[in-house]
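So the structure is just underneath, and the comments pick up after that.
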Amino acid sequence: MNTTTQIEVEALLARYVHCIDDGKLEEWPGFFADPCKYLITSAENHERNLPVGIFIATSRGMLQDRVSALREANIYEPQRYRHIVSSVLITADSGGAVTAQANFQVIRIMHDGTMDLFCTGKYADRIVGTGDARTYAEKLVILDNKRIDTLLAIPL
Amino acid sequence: MTALQSNRWPEGVTRVPYWLYNDEDVAKREQASVFEGPTWNFLCLEAELPKPGDYVTTFVGAAPVIVARDLDGSVTGFENRCAHRGALLCFKSHGNAKQISCIYHNWTYDLKGNLTGVTFQKGIKGKGGMPPEFNKAEHHPRPLRIGNIGGILFGTFSDRAPALEDYLGPEIVTRIMRVMRRPVKVLGYCDQGLPNNWKLYMENVKDPYHASLLHTFFTTFKINRLSQPGGIIIDAKQTGHHVSYSMIERGQHTASEYDKTELRARKEDYRLADPSILDGVDEFGDGITLQILAVFPNFILQQIQNALAVRKVLPLGLAKSNLTWTHFGYADDDEKMTEIRVKQSNLVGPAGYISMEDGVVGGFVQRTVAGAGDAMEVIEMGGHEMATQDTRATEAPLRGYWKMYREIMGI
Amino acid sequence: MTALQSNRWPEGVTRVPYWLYNDEDVAKREQASVFEGPTWNFLCLEAELPKPGDYVTTFVGAAPVIVARDLDGSVTGFENRCAHRGALLCFKSHGNAKQISCIYHNWTYDLKGNLTGVTFQKGIKGKGGMPPEFNKAEHHPRPLRIGNIGGILFGTFSDRAPALEDYLGPEIVTRIMRVMRRPVKVLGYCDQGLPNNWKLYMENVKDPYHASLLHTFFTTFKINRLSQPGGIIIDAKQTGHHVSYSMIERGQHTASEYDKTELRARKEDYRLADPSILDGVDEFGDGITLQILAVFPNFILQQIQNALAVRKVLPLGLAKSNLTWTHFGYADDDEKMTEIRVKQSNLVGPAGYISMEDGVVGGFVQRTVAGAGDAMEVIEMGGHEMATQDTRATEAPLRGYWKMYREIMGI
Amino acid sequence: MTALQSNRWPEGVTRVPYWLYNDEDVAKREQASVFEGPTWNFLCLEAELPKPGDYVTTFVGAAPVIVARDLDGSVTGFENRCAHRGALLCFKSHGNAKQISCIYHNWTYDLKGNLTGVTFQKGIKGKGGMPPEFNKAEHHPRPLRIGNIGGILFGTFSDRAPALEDYLGPEIVTRIMRVMRRPVKVLGYCDQGLPNNWKLYMENVKDPYHASLLHTFFTTFKINRLSQPGGIIIDAKQTGHHVSYSMIERGQHTASEYDKTELRARKEDYRLADPSILDGVDEFGDGITLQILAVFPNFILQQIQNALAVRKVLPLGLAKSNLTWTHFGYADDDEKMTEIRVKQSNLVGPAGYISMEDGVVGGFVQRTVAGAGDAMEVIEMGGHEMATQDTRATEAPLRGYWKMYREIMGI
Amino acid sequence: MNTTTQIEVEALLARYVHCIDDGKLEEWPGFFADPCKYLITSAENHERNLPVGIFIATSRGMLQDRVSALREANIYEPQRYRHIVSSVLITADSGGAVTAQANFQVIRIMHDGTMDLFCTGKYADRIVGTGDARTYAEKLVILDNKRIDTLLAIPL
Amino acid sequence: MNTTTQIEVEALLARYVHCIDDGKLEEWPGFFADPCKYLITSAENHERNLPVGIFIATSRGMLQDRVSALREANIYEPQRYRHIVSSVLITADSGGAVTAQANFQVIRIMHDGTMDLFCTGKYADRIVGTGDARTYAEKLVILDNKRIDTLLAIPL
């Protein structure tokens, strides 16, 4: 296996989750190629090949719109996420594109301190670029849980 | 003494006491009188049962039920509880079977819910078995009457429930058929956990007043605003159903109170970087961009631009509920049309730009209930009546809902 | 009004209402009338208290208790609640102590539960302290009567409970002693959370009918099948205890209804890649490969081939319970014998090949209770009586259990 | 029938039944009679509302409330529930606003809680809107009376509550002002979830008897021991408040029962590797190293050396509660003094060397309640009276607390 | 420390947990040497040296039997696991055998979407072989929690 | 990025959490420089610049005192932690000092088997020294949850 690629892909994911957990959402679209595919869906929909999930974006613009909607338009209680990811596994590495999957869980912490296991699942990623300049051409967020508690505002 | 026992609810429906959202006895009576009473409960779409033997499991309130496509092609339904010692008969969300066998002792049922086999009924080697007088015909899960309107399946445990079409009334039927005009296909499922009593979600759905005030996204992009043409339809019999709709503003927009009022919800300067999400088509040819239709007690049919869905809310205890979204399109949608619906699904669901807030606002009410004592909601927007009107600055649909609720609950 | 108050349970034990599994008042009365009533509750094995000062903490229903080996060598038991202001006296699962000191204010007790010291009873520098009339002898945790049968320790809070041997009856005592013939040693512990009311697990244990139908592994490897020789034993006094057993089929297996019936559970073609798990020994010399013995209200003694265990189920609220497994062997087992028991432990416990399903089937029933209203279980397999019989195609042990339950609960 | 309905509590306060900690009806009546009754509930420190428009959200029992600094500079308070359909008005823990708008339908309120705006009250384009007779003045959240003692803000919903100073009485006021002598600033917040009924924490706080017995750290470092000079102060009117204090031992320590008793809590040989945590200053000049002051029903003011804090305990259901710690210093503390308070904060809070055990001991009692039936706590240390005395070998403050509780609850 | 070994041992564990979480149970026995020792037990039993735990296998055959029992014989509700592992620590590396421990938690997601923290604990592994051909000669799954909710079907 | 540093910092954290989870508290102070700054606080206090958190130590001695208090003085029920950490991200590496952050969650398991998500948060570390001799000059344990259940005895 290629040690460097492994560590770089892990580092990309580390930067990605810290970006979200630190609330730097404006930087989040920058982790993606443009056009791209970002889809949050449930394992059930994914396995039954149903196209409608929880949220989809096919361009950086749609990702930016998500952020501005959260900043400007939508009302939701102050909350933060804590991503715990593990087992980044590179499943293919050819011609500048790396395919990888990783396990994740997200704990949602409300401003009043309430802490809940919000969701778990698998990232299925296609990564383009090299070194520290890698971006996600495709990021499927496949949730194990088909129930979302209350609402899903912040991206996963 | 529980709140229900002391029944502190004055006449009428312009006041609704908060204890309705936090009382064990109310919840128990709702199961018996509302869900198992003379009402029709949404079960699933007929499109989810294409082949003989297909079944889906769901709930009528707290009662687990099975809906199946019988081998003879008819749709059947019955309680999902074995007549022997009560085990769930089907524990998967959906499947296909020629008959249903209980895993506990292998009693078997046909897809109409008739008991067809009792293992070792005659014992083994002449020992044990059921007593001679045991009669299989006397033992079966509780059957559901099934109603089908445009491919939407409803069920009731009650003989007193009128025929589904009469229950809905012509105004509602017309508006259902407007959407269910062609065969549909499921595009995706989603469950949403709501931090509130199930009725608070129904209040939200039946409240045209909040839409442009709570949901900024709505108003900002003129998908909907109170000053747009629109209104509400309430069936003449006032049985707790309603439709709320709005349409594209043709010609020039005339100033109104709406525009004069200072609203948090108005951000005229706000624009999308990628507006493709709004590239919809007027597929109904009537300019109606939004139609929300609710059937008592807990069913919603949604058309928001080209995003179509049925929703159902079920209680999970007193202070939680589960909202199920079934997104659909038409069986004959081409790829392009499906792509439009997929993108517009970003508007709805738990992460939806225009439905996100509905996930939490019921919780905001629920959190004030414990301290509310005998306090009551004030439901006077649009006056005291509960009739069809061409404004959405009204809470008439709520009043209609509570009227039906009081009748059925006998409180 | 709660279900218990309206007591909707017709005479007899061939019908059992589902509301018994979901009613607060039932649970409260069970604590007072069943667990703290004239019954014997399993505490632990005597082998868990080898040395003077050893103690174990457990529960009698919801009441925390301490079981100890006193310094004089006797086994004692009392409620695990300080007589001062109610703190738990021992909060560890087990330990060794010469005396017990409450951590809150340091009141001390001997291992019989007598209050031996009250800190600053006389105050400090003549100030404060307990009033002169305070008498230590009047203050102590509630004592438990202890019963010991073959090294299995039981306790009761009730004076009305008969002596343990009379409570069990000779048939049960004999079958207990068959297993407890020699000193035992603990091989492992396991807790299992059950998603159902505790009584649903007891129903499952007392139900010989389900074994070969629910548990495929069982039948596939002929560890047990209904057509094997076997039966049930119910004590003459019908006090809610029973034994269910089966034995190796000697000679040629004769066809029976069992083999003719089409059963999910039969997969004759199914074989193990490593059958060493089945290399058992007939250590009791009577060919009995399975003996399940249950004592009212919540104790089970298990022999499945060479896998031995005691089990106890305790309520955790209405819809959950905790099942404790204590696996054991004989003190004089050699390494080889222990290895056999260890491998065969794969058959039982929460991951056990033949007990796995029992962890969920009670939950399948619990999930149908909320919608069950006044519906009732049908318990007629094997007719209406509740006597010893040489078939396991019967639900007689359940009827015996419910008969005792109704008497003790007074419903 | 609930425990409260059958009210099994004999006269007096030397016995307290355990069912008080596990009864739904008791909890409901506490909300109505204790928290919303003629008592004063701690809200926040005035220092948390420096600027006009600043607000803090908190609770009076289960009722969410808003405390605000009005634009006119006065402190106001009212229930955090919209007068329309009950949504929380403020859902953040704190903030600043000129007016309060409900997110649901944008009804607006001034910082005194007056309803100032009803969106579309006159409808839109002459359609809909509130009925003409609707009068904004009749609709507003329930107001709180505000009391301020040395910058500690209290509130009450009740007109029957005496003025705050009369409620506290001169003895308590003096001891509050001893600490609140100068303007304060918040140094940190912490919430602690307690595994017990809220009253068990108040019992713990009002119990001088346990301090040196449960908390080893205390005694080991002579921060406090029962033989040190100290005592308790109870207000003459016996309204359920108290102060417990201790001071440095001057001169030579004289032997006492304390030193003769064998106590788990004494470990004379135990020393700190870095004792800088104990480098405090006698900032009050009276040698008092510890003052714990409790106001009925649920407020605590703490001085432990230089660690200052206010605490408040609120019920979260029957068997859980939330304890809020607000650590503070004086506005004019220099860096060195702040550093001392920061280090000494290691003594308190959920991880505190001398408060850690208080987080769990209430849970130890709670766990014995389910099995306790009609059993009762024994509260006789220090006799039967509830007066000021110069020993802490007494439970007098508990008796005072329960006396007030019985009066207010009417049981 | 040996960087390559560290990364290879982490990769082995990543493949192991994805194999289970992706439901490819037929491949699971292949992660073990034959004979081997696979034991699921509680920390309490482990510390008290009690031999009976939750499940034991001493051969690949016993691991295969576990899988076929789950596929053919046992009844349980559809469910999936999500393993989150962390802190892979190599404690010994000598003569082709590597000893390592790692923390894990498993979230169990039922087909109806219910999501529960199912168990947490420590993997104590003895790994043989080299490079990508490493297998577990011994894998102790030491659970912190002594209570198993409902049942344990899928391996950990 | 520097692969070796990344792996060494991850290994340091792995040893740190295993030290705590294995109950070897006497070794815990050795992970810190002396003097040092160890602070457990909530994100709320941290963001509002409030100095009082849950626990603070400014010397190895104070860390040792924490351990001896737990061993000798304080009463609490037997319990253990299971740390799950992820996304170790090196944010600065200059002149022998490395700044890094990582996500963590701690599950607390009581002696009776009760298992709870006890807290989640972010480690913000300043690490000095080199190779296997790295120690924490500063370790901020910033909790997302502002509520601590029951009590916090064992360090995080």
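Note that the chains are named A, B, C, D, E and F in the order they appear, and that numbering of residues resets to 1 at the start of each chain.
Keep in mind that, in the parts below, contacts are C-beta pairs under 8 Å (C-beta built on N, C-alpha and C of every residue); 3 or more make two chains touch, one makes a residue touch a chain.
Every value quoted in this text rests on a predicted model; they were computed, and no experiment measured them.
Shared contact partners of chain D and chain F, listed by label: A, C. Contact count check for A-F and B-E (C-beta pairs in contact): higher for A-F.
With chains reduced to the mean position of their C-alpha atoms, the one farthest from chain A is C.
Shared numbers divided by all numbers used gives the overlap of an interface; between chain E and chain F this overlap falls below half, so the copies present different residues. The interface of D-F is repeated, with over half of its contact pairs matching by residue number, by A-B among B-E, A-B or C-F.
With centres defined as mean CA coordinates, chain D is found 43 Å away from chain A.
Annotation: 48 Å between the Cα-based centres of chain B and chain F.
Our note on geometry: chain C versus chain E, Cα centroid distance of 31 Å, whole angstroms.
Residues of chain C in contact with two or more other chains: 91, 103, 191, 214, 357. Each of residues 3, 7, 42, 75, 77, 84-86, 112-113, 117, 146-147 in chain F touches at least two other chains. Pairs of chains meeting the touch criterion are A-B, A-D, A-E, A-F, B-C, B-D, B-E, C-D, C-E, C-F, D-F, E-F. Looking at the complex, you find that chain C touches chain F at residues 91-93, 103, 191. Interface residues of chain D facing chain B in the complex, by the touch rule stated above, are 31-32, 36, 59-64, 79-88, 91, 101, 103-106, 119-120, 122-125, 127-131, 134, 139, 142. Residues 75, 77-78, 111-113 of chain E touch chain B in their complex.
Chain F makes touch with chain D in their complex at residues 40-42, 44-45, 50-56, 58-62, 64-65, 68-69, 72-77, 146-153. If you check the complex, the residues on chain E that touch chain A are 3-4, 7-8, 11, 13-15, 17-18, 21, 80, 82-86, 107, 109, 112-115, 117, 132.
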